[in-house]
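The following pair of complexes shares a single chain, chain A, combined with chain B in the former and chain C in the latter.
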Partner chain A sequence: MARTASNTRNRLNRGDNAWAYAFIAVALCGYALFTAYPVINAFIISFQEYKPLGSTFNGLDNYADTFKSELFGKAIWNTVVYTLLTVPVALILSFAVAIMIMPLKKWAQTTFKAIYYLPAVASGVALSVVWLWIFDPLQGGILNQLISVFGIENQNWLGSSKTSMFSLVFMSWLSSHGTSIIIYVAALLGIDESYYEAADIDGASFWQKMWHIVIPCLKPTTLFLLVTGVIGSFQVFQNAYLMTGGGPDHSTTMVGLLIFDTAFKYFEFGAAAAQSLVLALIIGIIAFIQFKFLGKDVEY
Partner chain B sequence: MGLFNKHLGNRGLRYTRNAIIVVFLLLFALATLFPIYFMIMSSFGDPIEAGAVSYSIWPGKISLESYKFFFEFSEYSYRWLWNSLVVASVVMVSNVVFATMAGYAFSKIRFKGRGILFAVLLAAMMIPYQVTQVPLYILIVNIFEIQNTYSALILPSIVTVYNIFLAKQFMSSIPNEILESAKVEGASQGKILFTIIMPLSKTVMAVMAILTFMDTWNTFFWPFLVTNTMDMQTIQVGLKNFRFANTTYFAPMMAGATISAVPMFILFFSLQRYFLEGVTVGAVKG
Partner chain C sequence: MKRKTKFASTVLALMLSVGALSACSGNGNNGNADPSNAPSSNPSASSEAPAAKDTITALLPPVSANYQANFEQMAADFNKLYPNLTLKIEPASWEDMTQKLDTQVNAGSPPDLAFINSESVAKYEPLGMLMDLKPHLTPEMVSDFDEVPLGYMARGDAQYGLPAYLAVHSIGGNKQFLEEAGVDWKKVQQEGWTYDEFREAIKSGVVKEGDTTKRYGFVFATSGVASKDYLGILVKGAGMPYPFTEDLKYAYTDQKYLTVLQAIRQIIDDGSMPKEASSIDAGKRWNMFLTGQTMITGKGLAGFENSAKLNNEKLKANDGSAVADSIPVDYVVLPMPSFAGEPAVSHAVVDGYVAFRGKKEPTAEHAANVAKAAYFLASGSVAATTNNEIALSHITESARKASEGMEVALDPDNQAASAVLLSQAPAMREIPSDLGSEAIKIENEVIIPKLQALLAGEITPEQMFEDVKKAAVDTFGADGVVQ
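For the complex of A and B:
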């Protein structure tokens, strides 16, 4: 019996390999050409001094330069500062909003989710144009008008190295948190009702339920958002490029922007490749640490 | 509603609590929406230099002069919109078609090398795009020599790993029994894909289509790198150039930003369900 069944199966699945390869052919070719080949090439270029007519190998020079470079160190520092100021705030904001959305009616939940998601739909270039004017350093600038209400004097938001980093951080605080809010709401809805019922019987307060049920249950979600948030933040450079160009005095030069400049402003492709691989390594280490220390009791 | 106390019939208390919550949510909504509101509202101002403008957050007069100013800046400004539309549409279609095919193969067909090939694909999602950026640029510009063409804008994103992953995740929940009975009746894999898988995967196909179209429409750096004449630029690159060429023209800049963003707003409001669903399809199930 078993043999006939497996024979039937074999007969039915005949030709499946061919079909499967046909289905994935374009995906694989695209991947090989536009992802795998560039990654391999990045390693090769990183050991070369790039010249349009025949590059020459220069050993580990590009890496040595990267680690010696003061600017690279500063860019890493800026990226870390930016990440520490944006990612936790984004997580706390989205968590708080997701909690507050819960008692509302279904239609109100959807409306708020849509509102918070909306800025993600506008292009980064469009938003950078708008924020450029919000940060207008003149007296009449929107943000300067706002802080003058509190008696704070005019700031040259993007033009001074004291406030430029804060300006980019502020912009990120008020950008779209829709994605993480939606993910948090979905996770909150997934918590088993019986936990709350048991807590109610024990007379637990709202905050006790929050601390002992919600936060532990949402740990995998938080970890997911934290890891993707940090990885995303380490690659950030569009806003820095469009808003400040990394200045003034490199106060907003992030690693991503530095790599872009090295490659497409100074055309040092070898150095850029080395920097990008160092960045990849740093991101890998951070992701690993986060999983190791925060993911201990998280099951996947 | 287990998290929140039901206040045991005390309606007054419940209303107060909900009112406070809604006030907080509205304040936050106001802060997030302000840049977009400011953009659209200011775009109706006159195209005069910024020195003479005092910003107001209240709408003043409504004029379309700034939009005219933006379109008159370059003879190619309509073409930018057209280029964005062409590139985003082609990338959208190719992603939906090829990611659906690949997603089906990876989720439902047992073939040699499936596990390892999928792992190799997934590994790509861990690599920061800065790593591939330079070699990809060299490949397109120096080896293929196709810079400044639609091919250069389209080919590198012909099908993304993310979309394949999305399709695979969604299709794993389709019961195998359906596919097996179709096979017993003699349907080929191609037929199964078209007559069974695709009708059942409409949601994920719509999600992929919308998110891919939006990402491609909004993308700035790749088109910025590989185009070098105005007639091949997309609206995002055009808007950036307009911005640098007219640094003091406040209202026309806002008009340009509005023009680049409004098609996506329309798409969002008409297909909101899929946008919001798309976020969770990838994250929670994965």
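For the complex of A and C:
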């Protein structure tokens, strides 16, 4: 009797396992096809002079050219500057908004979360058109009209290297924090009420609670958002492509845009693949450093 | 039951994987005729034996307002002419055209025909993805075309495409404003003007109210890559019709190039052109022209007269779709100025139907069919209708014949001016593709970014000239550039 029951359990387990394998297989096929294969292919192409009718291997030439290229260095520098100016501010803004909407009623929280998430579902191209309108360089431009109130003459926001990077950063500051806000709100809801109660009994102020309870408890979330934010920022492409095209004088040429140009403007797919892999390595090193130094006392 | 569900789940998983795989596969258009038809080594065989069925694919942008709306009719007319052939047209916007085509070319599965600029031939030729139509064009087809535009689509002995039109990039003025500024525009149309004359004219066209400029003398679209057109058109009038001299030395290291760069800065410093020029795109400057914020605009094409007229009619009819705050404008075709005593040279643009091949070698039969489709699109009634719509001169006898009776409502002065500009178009200069590719790279990596900085007043003309010179010498060597 016991043996029969065990056999039935085994059969059921095998059945469940088959289902599990079948579903995993779909995701695995998708991953193999759309992620693993392109990465492996990019690695191979990075050692080739790519031609649709037959590529030729050229050793480490593409990597040598990448490291010798002044433009690649400038693009890396621009990307680092962009990342330093956008990611921390994005984290602070998201955290502040999450803190501000936490005390609100559920419906108000949901409304604000939806409002802040809206840019994430809107087309990037449509948003860029709006921003191009805001950054109109002539006196009628929205931002120029705004600064004219303070007696400042109209600025060529996207056309001058003095303001082009700032314009892209400004654009980033005011858009797409929805995901981070939702993640922060979820993390804030996960903090045990007893911590706050204990702090209240001790007479802790708002800032003391923030410093001693909220920030330490949100450290894993912050680390996650920091790492993904830096990765995303290093891969930034759309804003520079649509708003400035990398100009003027390469002042907003990010690595992502340079890789695109190398591949699709000059058809140097081998060089573009080498640049992509160097970028992946840089991102990997930065992520490793972040985990190593910031993730020491993070518990998941 | 359990076995059935296990089987079903496996089948579903496989189907999803296969679906994903098939999404990745190309359309397999390697220029082969229907596989059921044996390839013929003799292109004329089709006239003797029953012709094999074949499909020709074409990637076409909105060449004129109604061009894409006519695709169905075009395909039907082609099929009527060649019952065994199907013309499958994929529409693309101008913005998507290059990217779509580049992706398809590099994936090894381009369309058979794509409507592109003749200069792009240099970009695709080194990849070996272009198809030579020469062996498949009949003498009648070849003789139908004007020699100069046909030459723009040829390299060496190969004829990679057939031209649809030859357009001259000019500039356009507001007749009323030109007359107010004392510009004898009719004389300029016929005799051209030097840079000094042009500079004085656009200075006179500026209207100020206090410190605020109400009207500029000249606004050219120079935002981003559009700046390439501006410089490209200007340098032609400075004795540099091509980036390379006849003896294939890089030309933009010549002192005359510096003269043009200095002129670009002077015009802005004079206040004749906005200091924000580097952010003004094509749409913005046309809006500025129609709203009376500039006397002259660029770049211009003969067909712009029709756009201005259309807006005038809307204003007359109180139509709400007229450009906001616009005024009635009489568009005057004007030439670009010439520099340093050089003769006027127009910036000619030849666009047309370029033939591509896939990874597999196309059969002779398919190549002949592609040639037929290219000729069908580039000549006769298709070309006549399209070129009339965009007010461009015909470049085939068959189109001229087909356009008889079609209304062309262009101003006679503008027509005459366009004819003068056409006569100043330089003949095609063949540049080896390796040199051409390097020149394109210098243009994209050095010239355009530096020009944007020059327009924004961040570098001097001399600095830009030195940067271009350095890049050119690094690329072509000191002996490969004009000293």
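One rule holds in what follows: the second predicted complex is superposed on the first by the 271 of 300 C-alpha atoms of A that agree within 3 Å, B and C clash if a C-alpha of one lies under 4 Å from a C-alpha of the other, contacts with A are read in each partner's own complex, and residues count from 1 in each chain.
As a convention for this text, contacts are C-beta pairs under 8 Å (C-beta built on N, C-alpha and C of every residue); 3 or more make two chains touch, one makes a residue touch a chain.
These numbers come from a predicted model, not from an experiment.
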> In the superposed arrangement, does A:71 touch chain B (first), chain C (second), both or neither?
Replying inline: second
> Touching A:218, do we find chain B (first), chain C (second), both, or neither?
Replying inline: neither
> Touch check for A:26: first (chain B), second (chain C), both, or neither?
Replying inline: both
>> Going by the contact rule set out at the top, does A:247 touch chain B (first), chain C (second), both, or neither?
In response: second
> Touching A:101 in the superposition: chain B (first), chain C (second), both, neither?
Replying inline: first
>> Taking the superposition on A as described, I'd like to know which of chain B and chain C A:85 touches: first, second, both or neither.
In response: neither
> Which chain makes contact with more of the residues of chain A, chain B or else chain C?
Replying inline: B
>> Let me test your reading of the model: by the given contact rule, A:13 touches which partner, first (chain B), second (chain C), both or neither?
In response: first
>> Taking the superposition on A as described, I'd like to know which of chain B and chain C A:165 touches: first, second, both or neither.
In response: neither
>> With both complexes superposed on chain A, which partner does A:41 reach: first (chain B), second (chain C), both or neither?
In response: first
> Which parts of chain A are in contact with chain B and also with chain C?
Replying inline: 15, 19, 23, 26, 30, 33-34, 52, 136, 263-264, 269
>> Please output the residues of chain A touching chain B within their complex, sorted ascending.
In response: 12-13, 15-17, 19-21, 23-24, 26-28, 30-31, 33-39, 41-42, 45, 52, 93, 97, 99-104, 108, 110, 112-119, 121-127, 129-134, 136, 140-142, 145, 174-179, 182-183, 186-188, 190-191, 193, 195-197, 199-200, 206, 209-210, 213-214, 224, 231, 234-235, 238, 242, 255-256, 259-260, 263-264, 269, 272-273, 275-277, 279-280, 283-284, 287
>> If we count contacts the way the header does, which residues on chain C are in touch with chain A in the complex?
In response: 2, 5-6, 9-10, 12-13, 16-17, 20-21, 24, 99, 102-103, 105-108, 123, 127-129, 212, 223-225, 274-280, 359, 437, 440-441, 444-445, 448-450, 452-453, 455-456, 458-459
>> For the complex, give me every residue of chain B touching chain A.
In response: 1-5, 17-18, 21-22, 24-25, 28-29, 31-36, 38-39, 42, 50, 53-55, 57, 98-99, 101-102, 104-106, 109-112, 114, 117, 120-121, 124, 126-139, 142, 155-156, 158-159, 161, 164, 180, 183-184, 188-190, 193, 214, 217-218, 220-221, 225, 236, 239-240, 243, 250, 253-254, 256-258, 260-261, 264-265, 267-268, 272, 275-276, 279-280, 283-284
>> Per the contact definition, I'd like the list of chain A residues that touch chain C in the complex.
In response: 11, 15, 18-19, 22-23, 25-26, 29-30, 33-34, 50-53, 71, 135-139, 154, 156-162, 244-250, 253, 261, 263-267, 269
